Structures are given as structure tokens and as C-alpha cells.
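The data blocks that follow each hold one structure.
Below are two complexes that have chain A in common, paired first with chain B and then with chain C.
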Partner chain A sequence: MFHWLEKHPFFFAVGVFIAIAFAGLIEILPNFAQASRPVIGTAPYSTLELAGRHVYIKNSCNACHSQLVRPFKSETDRYGHYSLSGEYAYDRPFLWGSKRTGPDLMRVGNYRTTDWHENHMKDPHSVVPGSIMPAYKWLFTNKADIDTVYAEQLTVAQHFSVPYNQDVPMRDGSVKNVKMAQSLSEAHEIALEEAKAVAVDMKDQDVKDAVSRGEIPEIVALIAYMNSLK
Partner chain B sequence: MNKLYLWGIIVVAIMFGATAYTLVLTGGGNKSLTDILSGDIVNALAITGAAALVVITVFVVIKYVRQMQVDSATGDLADENWDGIGEYKNSLPTGWAVMFLLTMVWGMWYWTIGYPVNAYSQIGEYNEDTAVHNAKFEAKYKDITGDRLVEMGESVFLAECKVCHGINADGIDGKAANLNHRIDAASVKHVIENGSNNKLLGFEMPMPDRNGLMNANSGYAPITDAEIELVSRFVANGMTGEGAEVFAGTCVMCHGADGMGVDSMGPNISKFDTVLVTNVLTHGKKGMIGVMPKFDRLNDKQKEAVGAYITNISK
Partner chain C sequence: MENRPLEYDYTIAKMFMLTTIVLGIVGMLIGVILAFQLAFPGLNLILGDNLAEYTNFSRLRPLHTDAVIFGFTLSGVFATWYYVGQRVLKVSMAESKLLMTIGKLHFWLYLAVVAAAVFSLFAGVTTSKEYAEFEWPIDIGVVVVWVLFGMSMFGLIGIRREKSLYISVWYYIATFLGIAMLYLFNNMEIPTMFATSPAGETGIGAWYHSVSMYAGTNDALVQWWYGHNAVAFGFTVPIVAMIYYFLPKESGQAIYSYKLSLLSFWGLMFVYLWAGGHHLLYSTVPDWMQTMGSIFSIILILPSWGSAINMLLTMKGEWQQVAASPLIKFMILASTFYMFSTLEGPIQAIKSVNAIAHFTDWIVGHVHDGVLGWVGFMIMAALYHMAPRVFKREIYSKAIMTAQFWIQTLGVVLYFTSMWIAGITQGMMWRAHDEFGNLAYSFIDTVTVLHPYYAIRGVGGLLYLVGFLMFAYNIYKTMSSRPVEERELQSASPMGA
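Presenting the complex of A and B:
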């Protein structure tokens, strides 16, 4: 049989493929399926947080910022607990990033606040002298896209069983119920409610006015997303 | 004796001679070869290894060159041939066979004793590293006090706190609290008007807003705008100037006559102290400017050090 295989390279290649694929299946898949389940404390993104995630992607924040804390003491001292696979369960796509031109943002919500982000996005030098991060002034005037968020929420809830409107366990033993709208107009209402809670802690009067008029500047959504990264 | 072997001996001798010459030359001139070799065992080992390599290489090469010169093919040919190219039925060289068996023994050792399956994990290594580091940190810094504690506090401050409070701890134009003074008048006013509940004592101890603050001097009437103005400046000035009566009538019960705080009642508002700073780092805080997140990732010693540093700079 081996002589036959040696004389038929195509079938030999098929045999090799089957052998390796089988090993891969039994070695990788079970472990992967286990590790990729959401860990306790990982909740789906709320409407405004997801809008902020879209802003994050739109502005290519992931080109300079990673969201992956590796298990080294030097990293966990600086960024907090190392990342677990299950923490990315609701990230589509994941935003690990590949290069840290700026710091990691996996848990930035634990050590930066709304007012700091506001100062920093408007003028990074005002809080970090010598920073090479550019200012993102247009976030204060551009409006967040809630329609796309609603479409994404519907899709992931229906097709990937993301637990919106269900209780998910948190680290402190409580449960969190992330609301997803049943209609587009309700999605806008939910996002605006969340935006008001963020805008309270902000200083920029134009942003505050916009939110009280019922508009959601991108900066508000982005800050909601940043604050949710814990 | 074959001429090749003679050449081999000459080559080896030349290489040894050159090595010895270089050694003496770089060794400082007046040192003897034995001095250099006996100085450090690593040098002696390296030289011995190199010498062995030279000798083995030269004579193995000579052996095979001789074999090419005199040997002719022997042995049984295998039945199969490939386009006219045949293969001898040679048995496996003994050395290879021994190596193969040793590899298997080593494999057994590796799986069962050396690095058993599942005995290693990246997280396990991380946990061990962290435990070692923490033990070292604990042993090294357990007893530091005074200036060394302040120094440690400064380095932690520059790593963690300066992003909001600025390198000089001045709060960068009001973007965070100015830590060079305990509190400014606007903040006092804000707290009196809105109340506060910041776990500055380590647990919840809410301060009421202005409707709950009575002035004993004016028959327990709620504190007035003018009194708020006065007492705010009084506290911000480091408990001096006008407003002492308002403070005595309204604030003393919880904050103490000198503003240094009362156990389990109110925090120190006259100056920073380590307990206060540690509690803010542990629980975070929400004030006039905004929210300060908690910094739980600092260990107790680091929090104490930051407290010492801030107490020091705010003197």
C-alpha cells in the first residue's frame, strides 16, 4: 500500500491532509470550544457601547492600540488582569490589534474616566505632554450611527445567540440584563438614554446641548465603549 | 604511515601553535599559557573543546579521504532499483542505532519526569513569576519609611497618577484635583452644596448636602450662602482666616476642631494623610471635577507610598 501511495503523489497528499486534519480536530476544537465561551462578567455590548465600537473601528484605533493583555507581570502591572479567550465572545470582529503604538485598551475602563477621555480626544497634549496621538476633534460633531448598531444587534442576537434581554452573571454575583430594542425607534431611545448618562460627566457644552436635543455625537458613544472595557 | 596522516599532524600542530600564540598575545604579554588557562575554568573548557574539535575534524576527514582512495563497493544489492540506480542492503550503523534507542529513552523521560503532559501552562508560569516577584517586593520594601517611602511614592505617582494629576501634581489646569493643596474653595463649596459619599474613611459615611448642615451658632438654622462662602475659603486656606466660627458651629462635629478628621465620622480636610490617600486609591472618588477611578492594582505598600508622597508635596 505504501508503495502504491509513493507512486501516486495526489492521493498521498490527500492522505497526509486527512491525518493532520484529524489530529487538528481532536486536539484543537474541544479546547477551543471550551475556552471561547463567555467568561463570567462578560456581557453583550449595549446599544451605545456598540455604536462606540463602530467609531473605534471606523477611526482605526486598533491600528495603534491593542486589546490583548498577555500573561506577563510587566503587562498585568500596567494594564490589569491578563486577557481570557472568553472575554472576546461578543467581539465581532475582535480588536486585538497587532502593534502597540499607544497603550493597550483592554481594561481602560478601569483606570480612565469620561472627563479624561473627553480632554484626551479633544487635545491629547493637554493631559499627556509629548503624546504622539492625534486629536480627534470631529468625534465631537459627527453623529453616531445607531441604525447600523440596531442591525448588528438583531443579527448577532438571532444568528449567534448573543444573550440580549437575558440575565448574564457578573463577577460580583449580580446579574446584568443588556437591553436590545425591538424596533429601530426604540434603539434610538435606548442609545439616547445611555448617552445622557455619559454626557452628565462631560464638560463640552456643544456635546451636552446636542445630547439634550436628542442627538448622539460620536464622542459620547466612544466614551461609553471605552468605559465598558473592563 | 600514509602521507595524509603526516599532513594532518602538521595542520593540527600549526593550529595549536597559532592558538597558543594568540592566547598569550591577547592575555597581556607576560602571562604564561597556564596562567591564562587556570584563571577561569570556562576558558580551559572552551580551549579543550576547540582542540578536541580540531583533532577530530582533521582525522575524520583524513579517514574518509583514505576510504575514497582505497575502498571499493561491497555488499548485496537490494532487489529494487530506480532507473538503474541501486541500493546496498547495509545494516544500520551501530552508532545510529544507539542514538535512536537513546532518543526513545529520552522521550520517555521527557513525557514522564522532565516535562509531563499538562505540567506546564503559560498561566502557571505567570503565577509563579508573580508570586516570586511579590515575595521579593515584600522582603525588600517591607520596612521602608521616610524618604525612601516618599521616593517610592513618587515613582508610583509618575507611573500611574501623572496622566490626570500632571507631573507636578497640579491637576493640569483643573483637569484633576491639585494635590499640592488639600482642597480648594470651589471644591469645598461643591461638597457643602451637594453632599458627598466617597468612602474616604474606607466605608460609606455620607455627608449631607446644604439642607442637612446646620450652624450651631445661629440656632441650628441651615447654613447660608454667605456662610458657605466664608467657610469654603477658611478650609481652602488651611484652616486660617475668616470663617472659623462657621466651621466651629457646623463642621467640627465630624471633621474635628482642627479639621484633622474624627474617627469613623469624617475625613481629614486640613491636609492630606496616608490613610485618606489610601482610601481614595482603594475606592475611587467622585467630586466636583469628575470621577477618579480606583487603583486596586497597586499593592498596600505602593498605596502607602503614594500617600506619603502626596502628604510630602502638599506640606
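Presenting the complex of A and C:
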């Protein structure tokens, strides 16, 4: 049979394809729907949080930081509760990372503050002596791209039924309603409101001034995202 | 019929040889910079504060991985295909104008996509998925390039004189199919520019932005099914294709066992794809998938070692060639590193080992003993074998080859040994508890302790880069300062001159 295949490239290619496609079908498909359901307490990202997520991706933070707490005592001691599949239901793309040059950030919002992040991104050594992380000063001047964030929110709400403007259940029994704008200008307003809430706790005068002018520096968005990771 | 050897046309092979070398230098140089940035963080500012955004570790890291995978390695795969393909199929590219056109188009579009990719990654336009960072416009470019590669491959197979496909061709076909399937499914994404707001606005935001069709755990599963097997079909399958052709050619020995090559090929095809789950051990994907990934990773030793042993036994009775010829040295070391790396991988895929190894530098070490030791050495060997034949000139210097071999071998050894120590040290420190059950170390303790190993790794990487520059120089001098032979060299070998 193999000799015959080696003389018939088409059937050879078909054979190879069947051999390699088999595993994906068995391993990936069966659990697909199950794995995409959110757990209680997981809400979609707000406009500014999503903008911060874009900043995180743009700077490849995931090259050094994971967002996956494994079920070991040493990890739950260090980072908090181990990760649950449903907590990632709105993560497109997933940001688990594959290398912890720096610590895991899955629940960084539980134990770091706006103030800490501001100092850290400007000069990591000021809060973590011995850190090998570079400073990210350009985040203080670059502006967050709210337009693209809004386009993404519209896309996921339409194609993947992400529940914006709907009540989603929280762990304490309350409900949360994450607002998505009806128009681009409203999206900017929503993001700016969120940005003001973050900038209040920041020290950098240029950032504060920018926010009061109606601009959103990337650092503000990134901190909003960091604070939402719980 | 005329009784003279076929004149093969190496136009396209030469072009891809050039990009193999240039992109190899780029990818490895960025790698060395990254390595030293981890040891000496001040280097994140090598071009000053104003350009810090473009020279810092996180922005450069995808450029390194993609330059080595899609630049250096893929160019090497294409270069060798346009050389090996003609020879084992006994047909010249020049016999078909259409194929030549497709081949040239393949090269130039490839170059355009590479340029676009470099530009976009520097700008921070990325999907964040490892080795699939490109946004949808570049993805479409990649697909077009790949289809052209397929057309030129199957076109050549279609007009072949030798009816039976040689082992190398099996692997090239598998490379084409595997990458096509993986790349398509992992990059399923929806461009956000098509969204319409309730207020009727369209074309909002960056036109190149997209959102993944999969979320969270599913996205991770598809990504590592891709990520692991991009390694399979980019770093393993086509490199095996090369060694099956170049080792017998260079050594004058026949392949040791046809049956073993058959077993290894079909075994590799079937088993490899299952093993992706070992990237997700102890994550939120279902336990049975993790276990499958673990088990199949161990089974994977069989087909991997099958190929490697087949190569080593091909040298049976001719081991003096390893001492005599630097080119044989490269290939034998490559297959040895292949064995080593395909044993190390399955060990790391065992759940209890993975609990320590995952997220640490041990994984980085594993990737690099595979890529530097196996992929890099084999591609350089292939180009060294091809150069005298495509340029009709003898290799410029054997002394450089030998020196390069030892410098790079030392570099690889420094690289993986330092990363083993770094990885296991860090993995053990993360999990250490004191006598009261509290964590023994804060995270930063587990970072500062790695400094000496990061420095050693940087030196290892630098040595490898130096060796690669010697290789580039040697090829350049071969092209430019050696006399042109009248005919294509039929049995040229660096040691034959």
C-alpha cells in the first residue's frame, strides 16, 4: 500500500491529511461549547478595560506575564484562587502566556493599586528593587484607541452574544450591567468617565491634565484593565 | 533521448538562500539582544529613551520568534525545496515557464509579507497569539504565499520523471498540508471594521484589527494545537526532509532502512498532533485532554527517534567521515540534538515534571536546543551542501566551517545548560514553603537569582550568532571570490577540494 501511495501524490496527500486532522477532531471539538460558558461573577470588559487590554496586547505583556493560576498550593498562596475555565469566557484572545519572567497577573487587581501600577510602569525599581522589567514611559503619552475598542465591542456583541447592556449575575447575588455605547461619541464619553475615576488616584500631573482635557493616555486604560483582573 | 545529466535551475533556490541568511542574522541578533536585556535590563534603552517603545523586550520578543520561524527556517525550507525537489523528481524548474513564474511570485510575495510583518510587529500590531501574531491582512498574505508554495510544489510533482516520491518529498508535502491546516484554523478571526454601531456608523477604528473567533479556554486549546504543531511542521518535518536528502548525498551512503523511514513518517504524522495538550497541563482545559497530550508526547519518542536512528545508522561503517568532514559533523550533531530534544520534550510533558518546568526558562532551553542544535545546524549544512552546486564554486574555507562548528556547538551547550539550571531553580523556588507553610520566596527573589544564568545564556547565544556570521561570510566569499567551475559540480564537497 505504501509503495502505491508513493507513486500517487494525490492519494498520498489525502492520507497525510487524514492522519494529521484526526487528533484535532477528537481533542478539540467535543468540549467546545462547554468551555465557552462564563461562570457567575464574570462580566464583559468595559470600554476602558478593553482599551487597557489592547495596550497589554500591543506591548506583548503576555511575553513575560501569565494569566493562569494553576491548582497548586504554592500558586494559590501567591496569586489567589486557581483559574476556572468560565472566567475566560470573554477573553478574545486568551492571555495565559507561556513564560513567567514576571509574576502571574490573573488576579492582580486584588492586591495592587492604581498608585502602585503608576509608579511601577514609570520606574519598576521604585516599587520592586532588583526588577528586570523595563519602564513603560511611553504609555503616559500615547493615547488609547477607543474607536477600535468600540468596534470590537460591537463585533463581539453581535457575533458572540457577549452580554453588553444586560444584567449578569455576580458572586454576591447582585447584578452587573456593563454598558456599551450606542454611538462612537458615546463610547468616548463612557471611556472618559471611567478614565476620570482612575486618574483621581494618580499622581502624574500630565496624565491628570490630559484626562481633564478629554484625552485618555494608554497608562490610564492599562491600569483600569489591571484593576479589573480579580 | 539525450544521455546527459539534467541541468537544474536554481534561480529561486538562490533567492531563498539569501533570505535564509539575512533573516537568520536578523532573528538571531534580536535574540541575542533579548537575552542580554534579561541579564542587563539597561539594554532595553539601547537606542535611547525616545525609541524605548521599539527596543524594549516585550516589543522585540515576537520579532525574534517570528524572524527565526517564518524568516530563517521557512526560507531554509523553501530554498531546499527548490533545490531538492527538482533533483529527486528528476525535472528542472526551467522546463515549465508557468512554474518558474509561480516560484518567483512565491519569493517576492514572501518578501513583501515579511516586510509587512516586521513593520507591524514593531508598531505593536499583534493578536498576541504566539507565532500567530499577525493581524488579518498579513494572514491573508501568508495564505497566498503558502498557496503559491503548494502550487509550485505540486506543479513540479505533476511533471516529474521519477514516478516514486523520495522520502524527502513526503515530508515536504506534509509540511505544506500541516501548516495550511493549522494556520487557517488558528487564525480564524473577524475584522472589526465591518461592525456597525446602533447609530449607523461603520468602518470604526483601525481597519487591520480583528477579534478571535474563539474565546478563553477554547482559544488556548486551538492556539496550542497550532503552536505545538507549527513546531512540528515547521521545525521538525521539513528538517527531516532535508536530512533524508543531504546526509546520504554528502556521505555517499544509502539510507539505512526504508521500513524505518516508513514507520517514522506515518507515526510522526499520526502522533504529533495529539501532543499539543502538553502546553496546557494544569490549565482549565479538561483533564482528559491534558492526559492525552501527556501520553502522546511520550509515544512521540518512537517516530522521532526512528528518524534520528535511521540517520545515525546511515553512517554505519563510515564514521571516519564525521572526523574528516565538517559538513557531516553538522548533520550528525543535528540529528543528535534532534534525539536529545525529542527526549527532553516528552520528559517535560510528564505532568509532575511539567508542574516545575512550565512557565520557566527550562522550556526556553528546550526550544533552543531544538532550534539551534537541530534546525539551525541542519539548515546551515544544507546550504553548505547546496552552495558549491548552485554557484558552481567550491566552498571558500573549510577552516571557517570547522571553527564555526565548534564555536556554535559551545554556544548551544552554554545556552541549554544555563537554561536548565535557571528553569529548575526558579520552578523549585516558586513552590518552596518554609516550616510554617508560608511561601519561602517572594517572586523577585526567584528573578534576581537567575542573573548569572541569563548572562551565560547571552554569551551562548552570542557565540551562536558569531558562528552564523562566519557562515554568512563563508557563503558570501564562496559566491564572490572562488573561480567558477565550467560545469555544475557533481560531487563537490568542501572536503573534496
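We take it that the second predicted complex is superposed on the first by the 197 of 230 C-alpha atoms of A that agree within 3 Å, B and C clash if a C-alpha of one lies under 4 Å from a C-alpha of the other, contacts with A are read in each partner's own complex, and residues count from 1 in each chain.
Here is the rule we go by: contacts are C-beta pairs under 8 Å (C-beta built on N, C-alpha and C of every residue); 3 or more make two chains touch, one makes a residue touch a chain.
Please read all numbers here as calculations on a predicted model, not as lab measurements.
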Exercise. After lining up the shared chain so the two structures overlap, which partner does A:V127 touch, if you call chain B first and chain C second: first, second, both or neither?
Worked result: first
For this session: In the overlay, answer first, second, both or neither for which of chain B and chain C A:D172 touches.
Result: neither
Problem set entry | Partner chain(s) touched by A:D201 [first = chain B, second = chain C, both, neither] | first
Exercise. When the two structures are overlaid on chain A, which partner does A:A13 contact: first (chain B), second (chain C), both, or neither?
Worked result: second
Exercise. So, does A:F32 touch the first partner chain B, the second partner chain C, both, or neither?
Worked result: second
Exercise. Given the touch rule stated above, what does A:D77 touch, chain B (first), chain C (second), both, or neither?
Worked result: both
For this session: Determine, under the contact definition given at the top, whether A:W116 touches first (chain B), second (chain C), both, or neither.
Result: first
Seminar exercise, completed: The answer to whether chain B or chain C touches more of chain A is C
Problem set entry | Interface residues of chain A shared between complexes with chain B and chain C | 71-73, 77, 128-129
Problem set entry | chain A-touching residues of chain B, taken from the complex the two chains share | 122-123, 125-126, 129-130, 133, 160, 163-164, 167, 172-173, 175, 289-293, 295, 297
Seminar exercise, completed: Within their complex, chain A touches chain C through residues 2-3, 6-7, 9, 12-13, 16-17, 19-24, 27-28, 31-32, 35-36, 57-64, 66, 68, 70-75, 77-78, 83-103, 128-138, 142, 145, 147-152, 154-156, 158-160, 181-184
For this session: State the interface residues of chain C toward chain A in the complex, per the touch definition above.
Result: 37-38, 41, 44-45, 49, 52-53, 56-59, 61-62, 124-130, 154, 157-158, 163-165, 170, 173-174, 177-178, 181, 185, 190, 192-199, 201, 204-206, 209, 211-212, 214-223, 225, 229, 262, 266, 269-270, 272-274, 276-277, 279, 282-286, 289, 292-293, 296, 355, 358-361, 363-364, 430-433, 438-439, 443-444, 447-448
For this session: Quick one: which bits of chain A touch chain B in the complex? Just the residue numbers, please.
Result: 71-73, 76-77, 80, 82, 110-116, 119, 126-129, 201
